[in-house]
Structure formats: structure tokens, C-alpha cells
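Take a look at the structures listed below.
Both complexes shown next keep chain A, but they swap its partner, so chain B is in the first and chain C is in the second.
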Partner chain A sequence: MDKIRRWFLETVEGRTLFAFIVLLIVPWIVPNAYTLNVSILILIFLICDMGQNIVMGYSGQLSVAGAALMGIGAYTAAILVNEGLPFEVSVIAALLLSSLLGCLLGILTFRVKTHYVLLITIGFHETVLVLLNNLLDLTGGSSGMPIRPVKLFGAISLSDRTAFYYFTLVVSLLFLYIAFKIRRSKLGLTMLAIRDHEKGALSLGINAVKYRVIAMTLGSLFSGVAGILLGFLTGFLAPTMFSMHKALLLILVVVLGGMGSNRGLIVASVFMTVVSQYLNQFVEVSMMIYGAVIIAVLLFAPGGIEALLATVVLLRKKRRMAGADSS
Partner chain B sequence: MEAILETFNLTKRFKGLTAVDRLDLRVNRSEIHGLIGPNGSGKSTTINLLTGFLSPSEGEIRLEGKNVQFLSAHRRARLGLVRTFQEPSVFASLTVEENLRIAASHAEGKGTAFEVGETLALIGLLPKKNMAAGNLSYGEQKLLDVARVSLLQPSVLLLDEPGAGLSGPEKEKLLVLIKKLKKRGCAILFSEHDVGFVMGVCDRITVLNFGSKICEGTPEEVRRNPQVIEAYLGGSYEHAVG
Partner chain C sequence: MSVVIISGISIGIIYGLIAFGFSLVYRMTGVLNFAQGDLLVIGGLVGYTSYVIWNLSFASSLLISALVVGLLMVLIERLALRPVKYRVIPCVVITMGISFILQNTAQLIWGKGGFSFPTVFGDIAKEVMGIRIVPQDVAVLVIGIAIVLSLSWFMSKTKPGIAMRASAGDSEMALLTGINVYRSNTLAFFISGMLSGIAGVLMAPITFLTATLGTSMAIVGFVAALLGGLGNLVGAVVGGLVLGTVEVLAGTYLTASYRLLIVYAFLSAVLILKPSGLFGDARGDS
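This part shows the complex of A and B:
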């Protein structure tokens, strides 16, 4: 018994399986519909946080376009579904559009870095929000727009929360897998290399612009997916769901997780989604708290949660070695 | 001797200052070529111009007979015109091994992946291969830079003061790397302050002063050139070399 317990808690395979089982039984162990809803939100925000991590953490571009791109994905899918197109077709079209816009944004910002990318993406964000607020016939403006209930593959109703949970789980695990895969691949290493020392990368014959555009495109794809899921979860879209507030939260999660780290990001993302659910009651002060957290992390723990996790792992290893010595 | 890298009338003006003035430089295949001169004589600017990190005001740059002055830095690197910088340019958050693997993976079709381990051993960083490159000492980082570009199998390698800040044993390792590259047919152009080092290693030397070439030749010829002694070695050859 003890052996099984240890296998689950101490080996990588065991832990993964353990986490997977927990994720599978969530709909049965949550106490109420609200908690299930929060669980779905955790999975959705994990996807867009991963996207922001690819843009900001891997390739070092300070972009706030994440929320606007989520909006593009969400609205495109919703409008097409409301026009009577099948769910799957609408989703693919929405993902193509958000990735394409991300790619264009990457091409637009190829000559500039850091704070200039920030300025351009702020412009992009504001433009998108102005459009969402004013294209009344298409988006319903600031009063928002309801989305027709949809069926997945024409059979599974996504209005059922449990079905939606499993659908989101499959999608988010898929994108989690992609994000981890990229991190260890030539593509991910090259992005990190460009972030660390761009001239050094150029001197190896690496086309830095190309990789930045790829990062922006991939990040936008992740944002688009999250936006679409969020839209169909709530069944209603309003421009405030994709405000600058949301864009800054994306940045906060990446900073908190430790720029470019995947495991730190997962912890930070889950933590922030839960915390923001509670802070939603105090919208006015929540931004102040987020701002203070960003400053505190940058000042006192610039490595974020990743650095904390690494320290814990190191300490445990040391202790185990000390234990082995004494015995 | 066949020239691999040549410049004609290469000129760079920054506002009022002419940093490089009508320079005709010639680097032959698989030779070690030193670029020396006092501070501000245009060595780094020349290397930046050659590798595409600056664009010339006038003049031509030819790599194996082809004009390359309009190509961007990464495209010149792909053609085999590769450089390092005065300051270390390692990818600080990646491990030492990943720094080399990246270079190998971008040197497509040159079959260099298997050389990563060998190169690590050569620069003495095999025990530190899983360390973040940013945690290496200054000298180790500069060695890693040279090791990294050597995996690209360049045809011309430009090193901007590779020896500066290196300890004695590190300089030895640098020399081993340089000589290994030369044996493979790579030409090396490097700028350096340490005159003794340059005289000992180079096949030919070009001396710059105020952006112009004042002398070119074997170490022996350069040593005897009165203009060099006047401009660079400060009047007294005995004093400077001794």
C-alpha cells in the first residue's frame, strides 16, 4: 500500500496519472455548480496564459494583445454560430482569424522591441475594443450579445456543464502538451535564445524576426481557443470580458509564474483564476492589488514561482542527500 | 593565395566621424589574420560592417567573390561569415549544452550535432554542461561563444577581442579552438589588444589607425614597419613588445 502511495506521489508518471485521475473526477467531487464553473474557468485561462507565456516568456515580447485576440476568437465563433454555421466550422474560422491577426501583429512589430511592442499592442487592443463596442449590428455593442446553444459533432450539447468540462479538459490538455513540447523543441530553445541575446542569435544565422512572428501567431492561436471556450461557457459576450484588465492579468500570471517557465505558469495561472474569482466582488480595488503584486514579484522574487519551485526541489534534494549520508 | 573575404573602399561615417576610411582588407582561405590598432582605430566597426551589424556608407564586401554588403546579419552567418562579440553573447537562461545544441541544430545539413560533446570537452566545460550559461565566469562565457560559432563550420570566423578577459589557461583553450578551425579550412580574422598573442598566432596582420589601413603583412613585416611603431607601438618597439 505504502509502495503504491509512494509511486503516485514521487515518480513523474505517478504524479501525472494522479493529476489526470483528479481532473477526470472533478465533476463528481465538486460541491456545487459554481465550483464546477470555476474549474472550467481554470482550464480555459490556463490556455490563454500559456499563449501569453509563449509570446512574453519564451520570445520576450511585451504584448498586451492577448485579451483582444481572445475577443476576436470569441466574437468570430459566436457570430458565425449565430448565423447558423456548424460549431466546428465556426471554431476553425475563428482560430484562423485570431492566428492571422496575431501573425500580422508580429509582422507589424518586427522592427521594434519591449516597450514599443507594448505601445503597438495597446493600440491594437483599443482598436479591437472600439470595434466591438460600436459594430452594433455585428457584436451588439456594449450591451453584449447572446450566443445560440451549440452541439459538439451535432450530438453532445455544450450547455451541459459536465460535458463542457470534459470538452475543455481535452482541449486544455492538448494545448498544455503543445506548450511543453514547444518549450523543449528547437523552436522553443530558439525563441529563448533570441530573448536572452538577440545579436548572439543573429550571429548563429537565426532569423529573429521569423521566430518572433511564429511566437505571436502561436500565442494568438492559444488566445483564440481560450476566447472561444469562454464565450460558449457563458453563452453571452460583452466587450468588458476582454478589457485591458484581462490583458494585464495575462501579463501578471506570466510574471508571477517566472517568465518562460511552464510549471511555474501552471501554478500561477490556477492561483490567479481562483483569486480573481474572489476579487471580482471588489472590482475597484482588485486592479490595485494586482499592480502591487506585479511590483512585489519584480522586486522581491524576479524568478517568480518557477524560482521558488526550483529552490524547494534543491532543498529537498539536499536534505535527502544529507539523510543518505547519516544512515 | 585565394582570398575568401575582401573589402574594397569600405567606408563608415558616423555623422562627422569617419570610423572606417576606404579600407581594402583581404583575408585568405584558412589563414589566421590579426586586426590590430589603438583604441578607436575602427576594429570593432570593421567587424560590425563585415558581418552586417552595421551597414557601410560606401564600398564593397565580398565573400568568396560574391557581394554580401546588402545581406542581413543572419543571412551572412548562413553563408559562413560568422562572428563573436567583445562582450559574451551566451544565452544566459539556457544550459551550456543547450547553447551548443542550438548552434548545431541551426547548422542544417552540416552534420555537427555529434560534435557538441567533443567541443564541450575541448573547452573544459563538460562538467558544467547542465549549468545555466549565465552562471559561468566571464572567460568561460567567452570561450562558449567561440565554441558555439565553431559548430556552424564557418568559412570565415570574425572574433572581436576573443582574448580580452581570459585567464592564461583559457587563452590556451581558445588557441586550440582557433587552430582546430584553421585545420578545417576556416579563415579567422580577429581583433586583439595583446600584441604578443597576435604576433605569435597570426599568419598575417592588418594594422589600422584612425580607420585606415597603415600596414599589412606577416608578423615580421609588421614588427619592422616604422609607421606601425610610430602609430601603434608608441615610438619604441623594444618597449612595446619587450
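This part shows the complex of A and C:
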């Protein structure tokens, strides 16, 4: 018994299996529908935070286009579904559109760096929001628009929360897997190299612009996926769901997780989703709290959660080695 | 027509002041201050409080808001930006956080609704020497030009101004000659804040003040600074004038509701065609 417990908690395979089992039984162990909803939100925000991490953490581009791209994905899918197209077709079209726009943004910023990228993406965000608010026939304007309920593969109704949970779980694990793969692949390492020392990377013959555009495209794909899921979860879309506020929260999560770290990001993302659910009660001061947190992290813990986790791991390793010495 | 052009130029000079503050701080420290627009809004709101609620004169409201925002800026520089050594990404994210805090604070103190600042010099067009002018616009123009002239005098003739230019050019060399570079940086932030405060009060009678106006104002100031070449101080004022005139002309003869989109179109065009701006980038990196 003790052996099984240790296998689950101390080996990599055991822990993965353990986490997987917990994720699978979530719909049965949560106390109410609200908690299940929050669990789905956690999974959805993991995807778009990951996307922001690819753009900002891996490749060092300060983009706030994340929320706008989520909006584009969500609105495109919703409009097509409302027109009567099948769910799968609408989703693919929406993903194509959002990654295409991300790619264009990446190309548009090819001559410029950091703060200019930020500026262009702010412009992009505001333009998208102006359009969402003003194209009344298409988007319903600021009063928002409802989405028709959909069926996955024509059989599974996504209005059922448990089904939606499993669907989101599959999608989000898939995208997390992709993000982890990228981080360890040549693609991801090249992005990190450009982020850390662009001149050095350039002198090795790396085409920095190309990798920035790739990062931007991938990031917008992730944002699009999250936006679509969010739209079908709430069954209703309004421009305020994709405000600048949301865009900055994406940045906050990446900074909190420790720029470019995957495990730090996961912790930060889950933490932020739960905390923001709680902070919804204090809308009046929530922006102030987020602002203060972001400044405090940068001033006092610039490494974010990743640095914290690394310290913990190091301490445990030291203790284990000390234990091995004494025995 | 003359009314529109003069109103464009007077808005332009306000934009020029914001852009000057942006460029000055950028040239001294490399920091791009995204909270600048929110500081401007705070300036306008402080001006509103002192002019409308406390019944002070316009000149003293201008002074109060300049001082308040200037000191706020110094605080920001000392507490948040100097500790991270003015590195680009942390600074941008920190000033974004500050912008959050300022916006929220403004909402808590002054409420979510907007304020209409009464016109100080009158907003009805008059005929003077055959040209139709609006007194408000002309007054803004005169104040703006006076500020720009006194700034250029300060930067070229006084000791702190020359020290600032020296440390902007080569901070290590300036340190060697005994200039207190840190003090110069703080001074740059203070001046930039004062300009935002003044611009906010001048702006208030022309636009409707709301706590969330800041983000768009930050972008406007940024675009103007970029137009003139980031870090180029004369260019910043010229960029502001160009942007203001174009925006007002476009707002009058095209559609008014898409005014901000025109600013973005301008921005994208500049960044794609000539990222170093009309007069070149002072720091040489774009």
C-alpha cells in the first residue's frame, strides 16, 4: 500500500497518472454546477495564457492582442454557427481567421521591437473593439449576441456541462501538450535564444523575424481556441468579454508565472482564474489589485512562480542528498 | 475653415506637450511611460476640482495640477522604475500596472461619470481682423507656445537643462564630468509629469473628461512622439501639431466617431514606412 502511494506521488509517471485521474473525475467530485463552471474556465484560460506565453514568454514580444484575437475567434465561430453551419466547420474557419490575423500582426511588426509591438497591438485591440461595438448587424453591438446551442459531431450536446467539461479537457490537454513540445523543440529553443540575445541569434544565421511571426501565429491560434470555447460555454458574446482589461490579465499571468516557463505558467493561470472569480465581488477595486500585483511581482520577484518552484525543488534535492549521506 | 484649422493646431499643441513629455523621458532613460495618458486625466480632474469646486483661478489650477502630476511622476520613477534599472519590458509592464491603478483611483475619487469642464475663455467664434477664431482655441495655442518656448529656453540656457541634455547624450560621460545623472532623470520625469498635468487641464474644456480616457490619450501622445522620431524633442512638438491638425480635419470632414481609428491608421503607416519618424530617432534604435 505504502509502495503504491509512493509510486503515485514520487515518480513522474505516477504523478502524471494521478493528475489525469483527478482531472477525469472532476465532474463527480465538484460540489455544484458553479464549481464545475469554474473548472471549465480554468481549462479554457490555461489555453489562452499558454498562447500569450508563447508570444511573450518564449519569443519576448510584448503583445496585448490576445484578448482581441480571442474575440475574433469567438465571434467568427458564433456568427457562422448562428448562420446554420455545422460546429466543426465554424470552428475551423474561426481558427483559420484568428491565426491568419495573428500572422498578419506578426508581419506588420517585422520592422519594429518591444514597445512598438505593444503599440501596434494596442491599436489592433482598439480597432477590433470599435468594430465589435459598431458592426451591429454582424455582432449585435455592445448589447451582445446569443449563440445557438451546438452539437459536437452532430451527436453530443455541448449544452450539457459534463460533456463540455470533457470536451474542454481534451482540447486543453492537447494544446498544453503542443506548448510543452514546442518549448523543448528546436522551434521553441530558437525563440528563447532570440528573446535572450537577439544579436547573438542573428549572428548564428537565425531569421528572427520568421520566428517572431511563427510565435505570433501560434499564439493567436491558442487565443482563438480559448475564445471559441469561452463563447460556447457562456452561450453569449459581448465586446466587454474581450476588453483591454482581459488582455492585460493575460500579460499579468505570464509575468506572474515567470516569462516563458510552462510549469510556472500553469500554476499562475490556475491561481489567477480562481482569484479573479473571487475578485468579481470587488469589481470597483479589482483593477487596482491587479496593477499592484503586477508591479509587486516585477519589483520583488522578477522570476515569478518559476523561480519559486525552482528554489523549492533545489531545497528538496539538497535535503534528499543530505539524507542519503547520513544513512 | 480657419476655425477648424486653429482648433486643430491648438489640439495639436496639447498633443505636442504630451509627446514632449514622452520623448524627454524616453531619451533620458529609455522608458516608455504608458501611464502618461492616465496622469493627464488625473491632471485634468485635479484641475476640475480646483477650478470648479474650489473656485480657484485658472492659472493657479494649472499650476496645482502641474505640480501634483509632476510629483506623482517623480514618485513613480523613484519607487517603481529606478529599482528595475529602466529595463524595457519590466518598465512597460510596470507602467501598464500603474495605469491600471491610476484609472481605478480616478474612478474611486471622481466617480465613473464624466465631467464637462466649463470653457474659460469662451467657445463662441468671433471675427477678428477678418478671420473667424474661437477664443478658447487661441488661448490654448498661446499658453502652449509659451510653454514650449520656456522649455526650449530651459533646455538650452539653464544649468539643469544642459545637464539633462548631456546625460541624455552620454550618461557615463556626463557622470564623469560630475553631473548627477540620477537627479537629471528625476527632473526629466518631473517635467514630463508637469507637462501632462498642464495638457490635461488645457484638454479638459475641449473634451469630456472620463477616468478611462487615459489609454487613448497615451496612444495619441505616443503616436505624436513617434511621428517626430522618438526621443527627438522638437520633432515631438511638430508631430503633435501634425497629428492634431490631421485628426481634427478628418473628424470634421469625415466621420467623427472613427477619430481614434485615424490615429491608428497614421501610426501603422509611420511604423511600416518610416519607423524612425519624420526627423529621425534620437537613440538610433527602432
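By our rule, the second predicted complex is superposed on the first by the 327 of 327 C-alpha atoms of A that agree within 3 Å, B and C clash if a C-alpha of one lies under 4 Å from a C-alpha of the other, contacts with A are read in each partner's own complex, and residues count from 1 in each chain.
Going forward, a contact is a pair of C-beta atoms (placed from the backbone, for glycine too) under 8 Å apart; a residue touches a chain by one contact, two chains touch by 3 or more.
Every value quoted in this text rests on a predicted model; they were computed, and no experiment measured them.
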{"item": "Contacts of A:244 with chain B and chain C, given as first, second, both or neither", "value": "second"}
{"item": "Touching partner for A:17 - first (chain B), second (chain C), both, neither", "value": "neither"}
{"item": "Touching partner for A:302 - first (chain B), second (chain C), both, neither", "value": "second"}
{"item": "Touching partner for A:288 - first (chain B), second (chain C), both, neither", "value": "second"}
{"item": "First, second, both or neither for A:29, with chain B first and chain C second", "value": "neither"}
{"item": "Which superposed partner A:92 touches (first chain B, second chain C, both, neither)", "value": "neither"}
{"item": "In the superposition, chain B vs chain C on chain A residues touched", "value": "C"}
{"item": "Partner chain(s) touched by A:138 [first = chain B, second = chain C, both, neither]", "value": "neither"}
{"item": "Chain C-contacting residues of chain A that also contact chain B", "value": "none"}
{"item": "Residue ranges of chain C in contact with chain A within the complex", "value": "32, 34, 80, 83-84, 88-90, 92-94, 96-101, 103-105, 107-108, 215-216, 219, 222-223, 226, 257-258, 260-261, 264, 267-268, 271-272, 275, 285-286"}
{"item": "Contact set on chain B toward chain A in their complex", "value": "51, 53, 73-75, 77-78, 82-85, 89-94, 98-99, 101-103, 105-107, 134, 145, 148-149, 152"}
{"item": "Chain A - residues contacting chain B, complex", "value": "186, 189-190, 192-193, 195-197, 199-208, 260"}
{"item": "Chain A residues touching chain C - in the complex, by the definition given at the top", "value": "60, 62, 108-109, 111-116, 118-120, 122-123, 126-127, 130, 134, 244, 248, 251, 255, 284-288, 290-295, 298-299, 302"}
